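Common to both upcoming complexes is chain A, partnered first by chain B, then by chain C.
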Partner chain A sequence: MTTEIRLPPLPRPVPALTCDPGAISSCGADLLAASAQVDDLGTFVAGPARLGDWSGDAATAYHRAIAPTGRRADAMSLALRGVAHRVEEHSAEMQRLLDRRAGLEDRHQHLAQQIAHLRAEVATTTVEGAAELQADCDRVTGQVQAYETDLDTWASDLATEESEMSQAFTRVLDADDVERLYGGVADPADDALRDKPAAGASPTDVHDWWVALTPAQRRAVIAASPGSIGNLDGIPAAARHAANTVSLGRDLADYAHTDAAGVLTDDERTWYENARAADDARREIEGRHDPVTGEPIVAQVYIYDPAAFGGDGAVAISAGDLDTADNVAVVVPGLGTDGESAPYQADRAATLYESTRALDPSASNASMFWIGYDAPDNAPWDEGVDGAGVVAETMATAGGERLADTIDGLRASREDDPAHLTAIGHSYGSTTTGHGAHDEGLDVDDIVFVGSPGVGGDTDHASDTGIDPDHVWAGSNSRDPVADLGNHGWVHGETVLGAGLGDDPAEDDFGANRFQAESETRGGLFSFGDHSKYFDHDTESLYNISHIVNGDYDAVQHAEHIHDPFLGGPHDPEYDRDPTSPATSTLTP
Partner chain B sequence: MRVVAGWLLVAAVLTGCGTGGDGVDDGGVDGGVDRGVDRGVDGGAALERQREDVRSAAAELVTGAIDVLGGRSSHTGGGFDGCESAGPDEFRTFRYRASGRVDVGPGAVRPYLDALAPVLTSAGFDEPVARERPGGRSLQAERDGVSASFSELPGAGDYVLVNLQGPCVEVPEDERDVWLRRQDPTPYL
Partner chain C sequence: MEVVPVSVGEASRAWDEQHLDLDAAAAQIADADPSGFTGNVRGSATRFLTQWERHAESLGTVSEQRADGLRTTVSDYVTSDEATRGDLVRLASYLHEVR
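Right, the complex of A and B next:
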């Protein structure tokens, strides 16, 4: 007697889908930058291009002639912005469709395996086992039907999405369409900006204004007036990043065009270099991968002003999401730093991010390099007097104030979900950080000074920073000649006639925690190279800084302090210790 | 005294010079250990070769992992990283690193690393060594100076990570900025 078994049908394979959501998103960003450029034209025509002290027939003709240009520019800007936002949505939707497709592929593979198994079972089953086998086949048949339904839904959703994206483009294909849809339409950014807190408002007030806006208003402000919020403390990092990305894209396009036309001024060339450095820095971070998820590291452009500080430029970019990270580190670089330092500083920030994540995969992190102040960056006989600032505290004092503003901004945008926040000052940046703490009451949980030439003349003890001395840390490589510049001993004569940068935070009198920061590649006596190794992978310094940033204080390797006896010079016990190379990357043996 | 020292610092660092002869060197090489640094004549060419080696090995390992664990790959990229800093805004040495992720297939069984040692050895890597890492374990091996690892972090998800990097290579001073800013956005797989 034979028994007929009804096998499940073979499921259809998932159609191929070749798509790069990252490239789509990049296209959206370019369109948004173009929208900002056109918006600038509209603003120019409505503002500076109008000559109020010019009258007569010629003036009337002129103003009549430019008015349509401004109106067309405003309409075109809104049209481009609408398409740009739709492209951004398309990028997100295509990513979701790719993810759904991956799930369908898994199901297809699994079903195919089950059916192959059932087919083999049919060949060997007995009459007694037929009913049970048929039940298995029916169960899988149900799964195939559910899969086929989901596959149809996916294909339909894909077709709908592609159609809607196409329509977003075609509805504004020519100037008449743009005029019909957007001519005379008020920009939603206008109302929003009218209520914006005045200059000097607190980050909390700024944050309250921002969260009260509708999503459409926020998107409009980012597109139409990125400069008004990109560097504004109290605005969440994601919004600042979106605005600064628009500004950066617009600047790169503008400067490239002007350069190609041969009319770039010297100042503009400097700003162009700073913009390119910021772009390279962002890409450096985005090109690295999270050591826990393997996904690209999120970059956020928190400050972007290529013309700041007389052309030195201001830029701060984070590796990791500043709005959500459990642990946030702000790295303040020092001597020799300006806007063109961004790619190097980005490498450091990404390395610190990798290290903190690798050492504690359970926490999320963000590490931001902060070139938000005018650091001593050039020789006085070369480009000006910046370099002379390294022997005095003027630039550190001003920088400390700016640093405190940035920290206040980070705090204000996360009042309900505060991060564990660490300020890390390197070189002259430690003097700046010291001033921020002493003068401005830096609102951080931990302070780290590395390679410090002194933390400011008024900071004689860790407690003068306003932070619990248990949370004030110092890393000092015994071969680092800059770290040896800080004042030693109990006489605080470090700021004679305004020169000198304050006490050495690694000394016992100072009262900070000193951590191990020697390098296996350290020099013989003094080495300038050792002043720059504190953030290199697999160094004692990076290992210990990472544990501090993660709040994992028990794992920090403490070092004996420098001691300066009444007679004789300072003694550094670390000088004779053999350095180690603790693992901070995933590939360290 | 500090004023003098500060000005010496300005002069030395801002002009990019070590002072020499006063107990101060500028790179930390002569007086210290210079572990694992390739100091070949043409650092740039060595880095280009390293890029090809690392990317081809990475593709081989990712493909091999999929062969034994099923699933699919993602985030298969790489780039040049600075190894050792040499002064403000500058690395003395660079290397190429690549990474990737394999989300394993439905039939894969933990620990995934148990199936991956043969993937490393069949790709010509030394016998792999198992190591603990925070949150999980890794298998590490070397081939001609290229380090490779598979990592499994059970609390993170059903995937393995693939990481590779070459040895640090010294590049001439006038090429350091070029390598620092070099981008490599094309996936290797």
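Right, the complex of A and C next:
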């Protein structure tokens, strides 16, 4: 007696899907930046292009003639912005479709294996086993049917998405279509910007304004007026990043075109270089990978102003999401820093991000380099001016105020979900951080000074920072000559000449926690190279900074303080200790 | 002939800037890369980019024409009998396109 077994049908393979959501997103970003440029024309026609002090027939004719240009520019900017936003959505949807396709392909492969197995079973089954085998076949048949249904849904969703994207492109192809759909339409950004808090408003007021806007208004403001919120404290980091990305894209296109036309001014050339450095910095971070997930690190452009500080430029970019990270670190650089050094600082921020993630994969992190103040960027013997500021605290005082504003902004945008926040001052940046803490009351959980030439003349003790001294930290490589510049003991530059940048935070009298920060590659008696190793992977310094940033205080390797006896010079016990190389670039077991 | 104030010369420069900016926007649209789209969408994307490059260029051309028109106004005025020496001094720098 033979028994017939009904095998499951073979599932259809998943069709290929060839697209690049990253490239689609980049295309959308270009369109959004271009829309901002077109929007500027509309704003210009409605404002500065109107000449109130000019009268007569020629003036009347001029004003009559420009009105349609303004209307056309407004309509075109709205149309282009709409397409740009749709392209962004398309990028996200295509990524979801790719992910769904990968899931379907896994299911297809699994089903094919199951069916092959069942086919082999059928060939050898007995009459007694037939019923059980048929039940298995029926179960797999059900799975194939579910898969086929999901495959059809996926294919339908893909076709719908492609169709809608194509329609978004074609419905505003011609100028007539643009006028018909957008002519005279109010820009959602206009009402939103009308209610924007005045200059000088607190970050909390700014944040309250922003969260009260509709999603459509927020997207409109980002596109139409990115400069009005890109660097505004209280605006969430994701929105600042979106706005600054528009500004950066527009600037790069603008300066490149002007340069090609041969009419770039000297100032513009400097701003162009700063813009390109900011772009390189962003790419540096995005090109690195999270050591836990293997995914590219998220970059957020938190500050972007290529013309700030007389052309030195202001830029701050985070490795990691500042809006959601459990632990946020703000790295304040010092001597030699300006907008053009952004890629170098981005490498440090990304390295710190990698280290903090590797040492505590359970926590989320964001590490931001902050060139948000006019740092001493030139040695005085080279170019004068800024470099001269290194020996004084003027720039650190002003920078401390700006740093406090940035910290307040970070706090205000996360009132309901505060991060563990650490300010890290390196070199002259530690002087700036010290001033921010002492003068402005930095609202941070921990302060780290590394390679410090002094933390400001008024900060004589860790408690003067306004932070619990248990949360004030100092890292000082015994060979670092800059770290040796801080005041020691009773007799020093400040007491004798009124000069210097304040006390050495690694000295015992200062009252901070000193952590180990020697390097296995340290130099001889003094080595300027050691001033730049604090953020290198697999160093004591980065290991300990990362644990502080993560709030893992028990894991920090403490070091003995520098001591300056009444008689004789300062003594650094770290000088004779053999340095170690704790792992920071790989996951801890 | 009505007096032409300095603001007219300044506006001509500002229109020149708009012209430059819009040409830059046109170039940015032209350089936007449609290769990431699927084959079913790429055609309409490419057509859109081509068309909108022209739209942006067109706005730039209009801006340039406004700038040129205002410069002509300034030029006509300073060469007329009604312009004073003071007018000439104030408006002379706006007679030529800087960029």
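Note that the second predicted complex is superposed on the first by the 572 of 589 C-alpha atoms of A that agree within 3 Å, B and C clash if a C-alpha of one lies under 4 Å from a C-alpha of the other, contacts with A are read in each partner's own complex, and residues count from 1 in each chain.
In the analysis below, a residue touches a chain if its C-beta (ideal position, glycine included) is under 8 Å from a C-beta of that chain, and two chains touch if they have at least 3 such contacts.
Please read these numbers as outputs of a predicted model, since none were measured by experiment.
In the superposed model, A:6 lies in contact with neither chain B nor chain C. By the document's definition of touching, of the two partners only chain B reaches A:289; chain C does not. Legend: residue contacts after superposition of the two complexes on their common chain; A:180 is shown touching neither chain B nor chain C. After overlaying the two complexes on the shared chain, residue contacts for A:280 are found with chain B alone; chain C is out of touch.
Once chain A of one complex is fitted onto chain A of the other, the partner contacts of A:587 are limited to chain B, with no touch recorded for chain C.
Of the two partner chains placed by superposition, only chain B is touched by A:524; chain C is not.
Common to the chain B and chain C interfaces on chain A is no residue. Residues of chain B touching chain A in their complex: 2-3, 5-7, 9-15, 18, 23-35, 70, 72, 74-75, 77, 79, 81-92, 97, 99-101, 103, 105-107, 129, 133-136, 138, 140, 147-149, 151, 153, 155-157, 159, 161, 163-165, 180-181, 183-185.
In the complex of the two chains, the chain C residues touching chain A come out as 1-2, 4-5, 7-8, 11, 14-15, 18, 20-29, 31-41, 44-45, 47-48, 51-52, 55-56, 58-59, 62-63, 66, 69-70, 73, 98-99. Residues 102, 105-106, 109-110, 113, 280, 283-284, 287-289, 291-296, 335-337, 340-341, 343-345, 347, 351, 358-362, 376-380, 382, 387-388, 390-391, 453, 479, 481-482, 485, 487, 494, 496, 499-501, 519-533, 535-537, 583, 586-587, 589 of chain A touch chain B in their complex.
Contact residues of chain A toward chain C in the complex are 17-27, 30-31, 33-34, 37-38, 40-41, 44, 48-49, 51, 53-59, 62, 65-66, 69, 72-73, 76, 80, 83, 90-91, 94, 162, 165-166, 169-170, 172-175, 178, 249-250, 253-254, 256-258, 261, 263.
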